[in-house]
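What follows is one structure encoded as structure tokens, with my remarks underneath.
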């Protein structure tokens, strides 16, 4: 059976809860259509997150990679269109603060996601789950992870679906700070729907 | 058994779907703790909505009134603190456009909700549903209905719980225009939780 | 010459700059059409702000009162329609935290502003300054001050224009946290325009 | 004297006023430090805007290109970090609607701006004008124009400063629809400040 790497993150910055962490715990080992899910949590750390992802990609003979992240403030599921070669933003969980430097020296300025974005949006809408393509994954660790994954498939000329999906806050997080939010079960259902599209 | 009037609205302005309509259809006739639910849909019409609500209040020997409305753009359940003596805003479904006139000549400038607001917020939070008290129900038909109901209990010196709850958009509505949204089942669960607090 | 009391506030909560403070400093002693401006700064303190305002109102033989406050996040000038009998919110600068208690025992639930709201909006629009009526001054110290002033004129049956105007952040404040903002000179111009309408 | 091409757009979609149009009219022919400004208006048209820009770039022996656009809803000046190889969004003024197709077949997925972004942000902040780098110019005509300009300098191995700056709405536009806005004079001042940084 084909293996799909699904990644999430732990809590970071002023977000005490990260809904992607629970999704990863819940879906690890599950089979969704033609994929077996290998789900892993990445550290919110510029120096380590990408390396760890690459290690999984080298080790696991994957046929698909979907990285998940929290986009606090967004109100819909947003598959990202592009990752860009730039680290910028506030301090990560390791205390490192980037200042606009490149992620990979000599890497392209940007790499498009290789996920079937329009198919994903359509599938989510059929499930009555709001979704649209996002044109920026930011310049924080989410973008960093997405860039690493796409650089890797580019470098090794792999043609597998690889990309990043930003999720809204969960209701549990929104109890702690006012944010648009979905129930955790809606978020998990969205991720399952997205994974299903890869088998169609 | 005590009767609770629960009201919702139809679609209005540029919102092609109103999640309160479905809740009213679903909960009519249900029993929630010590209340039997009498659920009715009100027209989005300044001239008719209040009158109709008052007719129900006079006819039904109610012991509680909860009116529901859609607050497109809000991301949490928001029980309203106060209704104010003012009609203002865009045209209603009947084509009438108000311009800041009073709802009831000689009525007070504002009336506080008689629902147990803090208890409601606490109960929703226990259910992991984001909620906070809102300080304005606006000046559209929602506020109009809330004002009519509170003026009625004031005039007749009734001491029953009466108030208005604004809900976020449903996912179904958010498919049509970008808005913070909840699943319809989360919205219904929130309304049931609110009704339950009246029996505690 | 008629006297108009204009009040502003100091910095509060997580807003390190309050644009109303500068406006008050700049306009104190100025004459705008038929009014001499007496401009004062109020403390962001539930226990003291209202008292101090009332002291000014008793002492100064005023013929108009306009209180100003910062509404961080709003993008237009918003004259407030109503003050409500409720203190609620985070700690004030004196360390006091309210929990929904009444401002004046036996006071009405709400009092409408006695400023000519529509005239003010029209005058601002003529000056090409975005503005609309707001239906809530919140439940923090701004609303508290507005409620005190309106309760005072009600109690003493004065028929003078009294109300509250919320302003957007200034560009200077928006340098410190991302917020919609206007230049300080646009804000001052808006306040002068508002005062002018009282002489028309 | 060195020539700088400054471009703006006409009104588009549901924005009846475009503040960049006025800036272009006002600054055409001006000298700002070491640059003479050649200011031109581009059509909001996927098929024509890029071509027209390239025609100017080929004809005018430029030493810098700054394209301006309206970002309705943003509240600060936002120099764009990257243009991406994608046309997507609603119909343009010519009636054409894109669906995610590439702008230039064989072009890179993205090209970074060659403007001194951090210097620009610092200069704007010194002038007390809120600004931050944006990570997406969207996929509408603004991004299209930015992509064309950067593809051109890349192809011809030019090393001149080229980029795109998104501006908030003007107060005049915000009179027609509720949006964060600046006065037109603040917007013009921001653009002059940005141009100045190229001579430092």
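Each chain gets a letter, A, B, C and D, in the order it is written, and its residues are counted from 1.
In this section, a contact is a pair of C-beta atoms (placed from the backbone, for glycine too) under 8 Å apart; a residue touches a chain by one contact, two chains touch by 3 or more.
Quick caveat, the model's predicted, so the values are computed rather than measured.
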Handout entry: Cα-centroid distance, subunit A relative to subunit B, in whole angstrom
Key = 38
Fill in the blank from the handout: In whole angstrom, the CA-centroid distance of subunit A from subunit C equals 46
Problem - subunit A and subunit D: spacing of chain centres that average the CA atoms, whole Å - result: 30
Practice task
If every chain is a node and every touching pair an edge, decide which shape results: line, ring, star, complete or other.
Solution key: ring
Handout entry: Chain-chain contacts as defined at top
Key = A-B, A-D, B-C, C-D
Exercise for the section: Mind listing the subunit C positions that touch subunit D in their complex? Expected result: 75-76, 125, 128-130, 132, 171-172, 174-175, 178-183, 186
Practice task
Spell out the part of subunit C that touches subunit B in their complex, as residue ranges.
Solution key: 81-82, 84-86, 88, 100, 108-112, 117-118, 133, 135-136, 138-139
